[in-house]
Amino acid sequence: MSFEPKIVAFFCNWCTYTAADLAGVSRLKYAPNVRVIRVMCSGRVDPQFVMDAFAKGADGVLLGGCHPGDCHYAEGNYKTLRRMRMLNRMLKDMGIEDGRFRLEWISGAEGEKVKVTVNDMVAKVRALGPLDMPGKFKEWDKEIEELEAHVNSDAPTEVAHAR
Amino acid sequence: MPDKPKVAFYWCASCGGCEEAVVDLAEDILKVVEAVDIVLWPVAMDFKKADIAARPDKSVAVAFINGAIRTSEQEEWVHMLRRKAQVVVSFGACANSGGIPALANQFKKEDILKFVYEDCPGIDNPQKIRPQTSTVDEGRTLTLPVLHNMVRSLDQVIEVDYYLPGCPPTPKIIMSAVQAILAGKLPARGTVLSPDIALCEECKRKDSKPADLALAEFKRPHQVQIDPEKCLLAQGLVCMGPATRSGCEALCPSGNMPCTGCFGPTSRVKDQGAKFVSSVFSNIVPKEEKDIDAVLDGIPDPIGTFYRYGLSKCILRRKLN
Amino acid sequence: MAITQMMKYEADRDADFARWATSQTGGENLRHCIQCGVCSATCPLSLYMDYTPRRLINLAREGFKNEVLSSLTIWLCASCYACRVECPKKIQVTDIMYALKRRAIQEGVYPKRFPIPVLAKEFGRMIFMWGRVNETLLVIDLFLRTNWFKFLSMTGLGLNLMRTGRMSFLPDSIRRKDELRKILNALEADKTEVAK
Amino acid sequence: MKYLYFPGCSLKGTGKAYEESLLAVFRALGVELKEIDDWNCCGATAYMSVDEAKSYALAGRNLAIAEREELDVIAPCSACYLGLNKAQKSLQDHPEIRARVTKALAAAGLEYHGKVKVRHPLDVLINDVGLDAIAKRIKSPLKGHKFAPYYGCQIVRPFASFDDQYDPKTMDKLLAAAGAENVTFPLKTRCCGGSLTGTVPEVGLRLAYIILKEAKKRGAEAVVTVCPLCQFNLDGYQDQIARKFEAVDMPVVYFTQVLGLAMGLSADELGLKRSIISADVVLAGR
Amino acid sequence: MADNNANKQQPNGLPRIGFYICHCGSNIAGTIDVADVAKYAAGLPGVVVSRDYKYMCSDPGQEMIAQDIREHKLERLVVAACSPNLHEETFRKAAAKGGLNSFFFQMVNIREHASWVHEDKKAATAKAKDLARAAVYRVRFHKALEKQQVPVDPNVLVVGGGIAGIHAALTLANAGKKVTLVERESTIGGHMAAFDKTFPTLDCAACILTPKMSAVKSHPNITLWTYSEVSKVEGYVGNYKVTVKRKPRYVIEDLCVGCMECIDACVFKEPKFADKFNQGLGKRKPVYIDFPQATPKVVMIDPETCIQFKTGKCKKSCAEACDRKAIDFDQKEEVKELQVGAIILATGFKTFDAKKEPHYGYGKYPGVFTALEIERLVNASGPTSGEVVLRDGKHPKAVGIIHCVGSRDEKTNKWCSRVCCMYSLKLAHLIKEHSGAEVYNFYIDIRAAGKAYEEFYDKLLSEGVHFIRGRVAEVTDWAMTPEEEGKLVLRVEDTLAGFVRRVPVDMVVLATGLEPQADAQEVRRRFNIGCGNEGFFQERHPKLAPVNTFTDGIFIAGACQSPKDIPDTVAQAGAAAAEALVLIDAGHVELEPNTSHVVEEECCGCKSCVPLCPYTAITFDEAKKKAVINEVICKGCGVCAAACPSGSIRQNLFEDEEIFSEIEGVLGK
């Protein structure tokens, strides 16, 4: 079976969430890989949420807000843009490929754009393959689970591990 | 007279600064020595591993462990100490969150070894010899610990009861922690033993911080004549104070240098770097992507800047390769 | 006057053809047509066409394959792109015409001895041979294959061209002919692969 | 100023006068044109009826060769201009075709990245050389001459990258700079009949006739074109038009020829003798 | 009560959760295996009741929830159904009915976000489970909250004085509300005031409009500010503070009685300047009044053309002629402030600029007119007193009306402008009636859906007007035949005949479509509402909330929302007025408690949050050295909560742990 990416989306209530509702009302069909978490404004999205989503197993994170100048709360989306530009650099530095985190401006009238964006992102993330941070965490920690065996074989009398 | 409580000090991947900090207690150290029996302190006293191993479980009242965990030897030691000690205190930034050593989590182990033993300027190693975990020399087998693939905080290896933050922890918070332990007045397990409020609270420059920073540029300390009175962020310097736990009495800002975040975040924050970014960058001046990028370019090494002491505790833990 | 039946049955339609047409480059918007006829109105050649471009679009999307592929319309398109620019639904009519021409040549259903498809094929052959086209040779070749009589009517023009030094009987050739052939052959091989 | 030059088959054949006048004018303006090495036919409109991908590959080979130098390409023939530009755009818009074409080009050791800009001489003259620079070179203005500026279809359709789609003006400006008068010509961008004039004259001739007749009605002494096929159709078929409709007797010249004359170049070096309908009227007064 | 429930916990320490999934008929159940999701949810930690039901939002559905809350001592409620934008309130009420605090509830959107947008049933069901799990994890952390009540200011602002604004203002005023009507132009009346007759009844526009215009002027509950624009809007539903700029007309409105003596006295003996009201077909003087029934009936001076303004050296004969000394060359712009509870936007439309379709020759051939120009030409009070003449004074013998100019065209405007078919029929009738010319309609489709509209089309057909179905490619002056010489020739495919025709005419009328106002984007930003892709104001719901916007207390009416004719506009204006009345007569509004607050003892006083608030709800308490959020002003965006570097700001309903648990939930197994 081909890999189905898991994408966590944070959509602002007034534009992108509404656009996703509109996509639904218009019965547009798009890939079922995205799970939307509603926030009032994209500005509520803390970079910690994005990182946490990756750490908990998301293959991609999509953040949707109102177009610049259109924020329901005047300028929340600019705050989002600024901090997410920095987050983007940090994610890159941490080895998370471009395209796994995406910020899109989708207005309440752009149901079609929800569809296009989701499909495009799913395709691109699928091409990147699984991120699987939880799996990586487990993989990384194998080296400390193996210690006991290692130490015991070297000096079996000396080591008695708590774990 | 009952036995004095037994105390162990141990160091893992650290610079020795935390040991210095204990010595920095100055005359107070005498009070400590008077009150306790030190059963392990590799930097200062001659105890062997076997001495500790021989002790019954939970026979040590407190183990203070500093340094991050990078090798199997450190790992083995801390497991043993966890078993022998009733209370384990993670001592200092390295033990708490990886500290400076954890910056190595941006690189693969192989790349680090290759650089250190082959590519580093000044290295003369034509045979490209690398340390081995086991070497036979004249019939004897010599062993070295395994270098792990990543640097871990202490609590990523064993359970930790308390944390003393700082690089290093200041004498004041060490002393109050020791007193609390001796008096048996311990807070809930897992607590960081310094005030759960950010550094600005105790910073002398606090009042000079304008409400609206409106930063259009970031500068590094060597690029500016730092005003000794004014809020450092307001001067365009990356001061991590707002995202960093207090307790150090704003040592660095008082010394005219920005806070680099060694006390770690408050209990409400999972990821100090991410949260700092969320705060400071939300309100920079530009609105257009390219202008924003120009401001961000003022911070050439974001990971090294925002996770200087805490990359092990970054939600993502390390760079993926 | 011959009386013909004009009615069509559902069985006369070829749904695959309609699907094919919309899948071609430029055919994406074919189904958006609102039959406003601006393509026909702006077309400088629609006055000679058996079906106006508008009608052809409708026939294509409904799947009337025979009518479409055997129509004169597709061969009378001079590729001036006026329809494409005017279309309110951004239908790329010219590109659809190209796709239909290709299909007609493929299926061999174009009007026999009609010079344009012959020209297209000769053009292709000449490029494969020489990499460039010599207009004189192309035209001579064309009329030899289609209409001797018409060729004769062109002699005046030929003489004029010779007089003004605009005519050449030597094929103009590129130097690296294999380079070009490699490219064209690679696509030919690729095409059969795609077909498989 | 230096450009790569893609002549195309016509400029080496029936459109020789276009090449002669274009090269002469650019030389006089100090603009260097370097012919693309071993260029092949652009595919024109005919090849698209044979095979889509191959048609793009023909353009692709030229573009790949051109890409080796960091210069814009000048394509004076409208069919070449559109053919190369359309290939660029289609290869950009349709990744699957692009993949096939780049693979085929790779088979011949060529690389295509879509970096080249393909431009029309009108665009270069107006936007790079500039009307001011051209005006300075005008030595004998064509005072009293009236022309019908005729652009034909493929340089403004379907893409209109450097001029207005409905009412292009770049050639009007050049002719005005040359001192001539432009008649209001509503058929500026109407089709000349393309290859149909030759292949199906019963259809194509009418298209050419309408353009010539309207130019005459509007008082033009010549139609000025930018395309070798337009020139060929309008100039070469006038005897047949006379037989089928009426004699129009309208010279059809290239804009580069008119411009060259005003710049003081000779009729010979501009290929003006190559017109089938004598263009002597354009030379009147010099 | 809610608080009692909050402490009752299960043995595992988790609150008792009830989970409900709605079939929504087959809307959800057709794609999502709801029984499977319910079964799955039953196994999630904390869930003690899990049910699926045909229509959760129905009375029995809600009753079932209330019943379960009581019987099963539920402490949290999760409903998986449609979008929270539709039924969140419904289920909050159901929770309250069962005795649970309404905010111990979380809604899961599995209709708009799953069943309607996915075809793969397995994948849609899996998604529904993930979303359900996220809500179950999240709802544990929910806190009991109360809505704040805020009083509503009973005054209303209506922006735009066309027929929509006029009708809305009068309706509200008649209901006893104080209304301020702000109009940008110097008179109310809008486009309708320029029309001659109205379709399909052919009653005269002025005859039906002007009584309403004077009613506005004389109504004791209406304050009319023309030549004025709203420049700033602050506040929130029920409590808007609006700033209005009143531009100088250089005539004191209270003194002028509209006798027009000044116009007669103007140093310009003849009208000389293009008259905007007559689409430039007539002329006016620098001191002028748009039309005789302009309301208010007050003249104005155009400083661009007035000698006094240009040179300062006019003898000011206008001022001399005014007995009441109403002319004031020194008048300055005034800035006024208003407090209102509700706002109705009725800012109308503009017509498509015909020059954007250059092949139709508008501006190039004098014989080409726009439909609005023809409205003035056929109008008895227009510049030609109703005579249909060309710009050179000649009478046209043949007239072509081109439909869909700037409509149904992806190169210009994609939408159907809805009114052009009908007004073209009307103009065809009037032109034929006034001039006897042959009239050709070139149309793509005739859209005559409306009461008595089709009958009007029948009437036109019977009058012998030509109908040629085809979009005209070009209006040109090159002739192919002797009859075409000197004419404008329209090239079109007669699609019903199947061939191309060339039709020579003397006059071409372009039926230009309707577009959003040029400044619609600025206006919507000012009022914090949305625009659809095409630029018209976005209604809250296309069917069920057509006059509401996404900003409570701001309503829309008329063509600013989408092209519409007069009957629809008036109906919508009435609806907008009714919605405003609902808001005002309720007397108060409840505000969503999703506000943020600073936890004082956690705040270090770094002020990072202070500048982030667009509503200045965050201030710095200089005494305590802590940030403070005024929750009445806070609108709940959560920007400050995301940005507080020490995590000391919480946003109700969107607390960190709620969101972290939701992330864990959507990704968990």
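Each chain carries a letter (A, B, C, D and E) given by its place in the written order, and its residues are counted from 1.
By our rule, a contact is a pair of C-beta atoms (placed from the backbone, for glycine too) under 8 Å apart; a residue touches a chain by one contact, two chains touch by 3 or more.
Here the structure is a predicted model, which means the values were calculated and not measured.
Undergrad: Identify the chains adjacent to both subunit B and subunit D in the sense defined at the top.
TA: E
Undergrad: Which chains are shared contacts of subunit C and subunit E?
TA: Touching subunit C as well as subunit E, we find D.
Undergrad: Any idea whether B-E or C-D has more C-beta pairs in contact?
TA: C-D
Undergrad: Could you tell me the distance, in whole angstrom, between the mean C-alpha positions of subunit C and subunit D?
TA: 22
Undergrad: At what distance in angstrom does the C-alpha mean of subunit C lie from that of subunit B?
TA: Averaging C-alpha atoms per chain gives centres 75 Å apart.
Undergrad: Whole-Å distance, subunit A centre to subunit B centre, using C-alpha means?
TA: The answer is 29 Å.
Undergrad: Using mean CA coordinates as chain centres, what's the gap between subunit D and subunit E in Å?
TA: 50
Undergrad: Quick check on subunit B: which residues sit in contact with 2+ other chains?
TA: 269-270, 275, 278, 282-283
Undergrad: Mind pulling the residue numbers of subunit A that touch at least two other chains?
TA: Within subunit A, the residues that touch at least two other chains are 43, 46, 48, 52, 79, 83.
Undergrad: Going by the contact rule already set, what residues in subunit C reach two or more other chains?
TA: 82
Undergrad: Every pair of chains that touch: which are they?
TA: Listed by label, chains in contact pair as A-B, A-E, B-E, C-D, C-E, D-E.
Undergrad: So in the complex, the part of subunit D that touches subunit C is made up of which residues?
TA: It is residues 9-10, 12-17, 38-41, 43-54, 57-58, 60-61, 90, 94, 97, 100-101, 103-105, 107-110, 153-154, 157-158, 165, 190-191, 193-196, 198-201, 203-204, 207, 236-237, 239-240, 273-276 of subunit D that touch subunit C.
Undergrad: Taking the touch rule as given, give the residues of subunit E at its contact with subunit A in the complex, in rising order.
TA: Against subunit A, the touching part of subunit E is residues 83-85, 109, 111-114, 116-120, 123-124, 126-127, 130-131, 134, 525, 528, 530-533, 538, 542, 550-551, 594, 612, 614-615, 635-639, 641-643, 651, 654, 656, 659-660, 662-664, 666-668.
Undergrad: For subunit B, which residues are in contact with subunit A within the complex?
TA: 49-50, 53, 72, 75-76, 79-80, 82-83, 106, 143, 146, 148-150, 152, 157-158, 269-271, 273-275, 277-278, 281-284, 286-287, 289, 292-293, 296, 299, 302-303, 306, 314-321
Undergrad: Using the touch rule from the top, collect the residues of subunit E that touch subunit C in their complex.
TA: 359, 404, 408-411, 444-445, 469-474, 491-495, 498-500
Undergrad: Where on subunit B does subunit E make contact in their complex?
TA: These residues of subunit B touch subunit E: 196-201, 206, 209-214, 241-243, 246, 265-270, 275-276, 278-280, 282-283.
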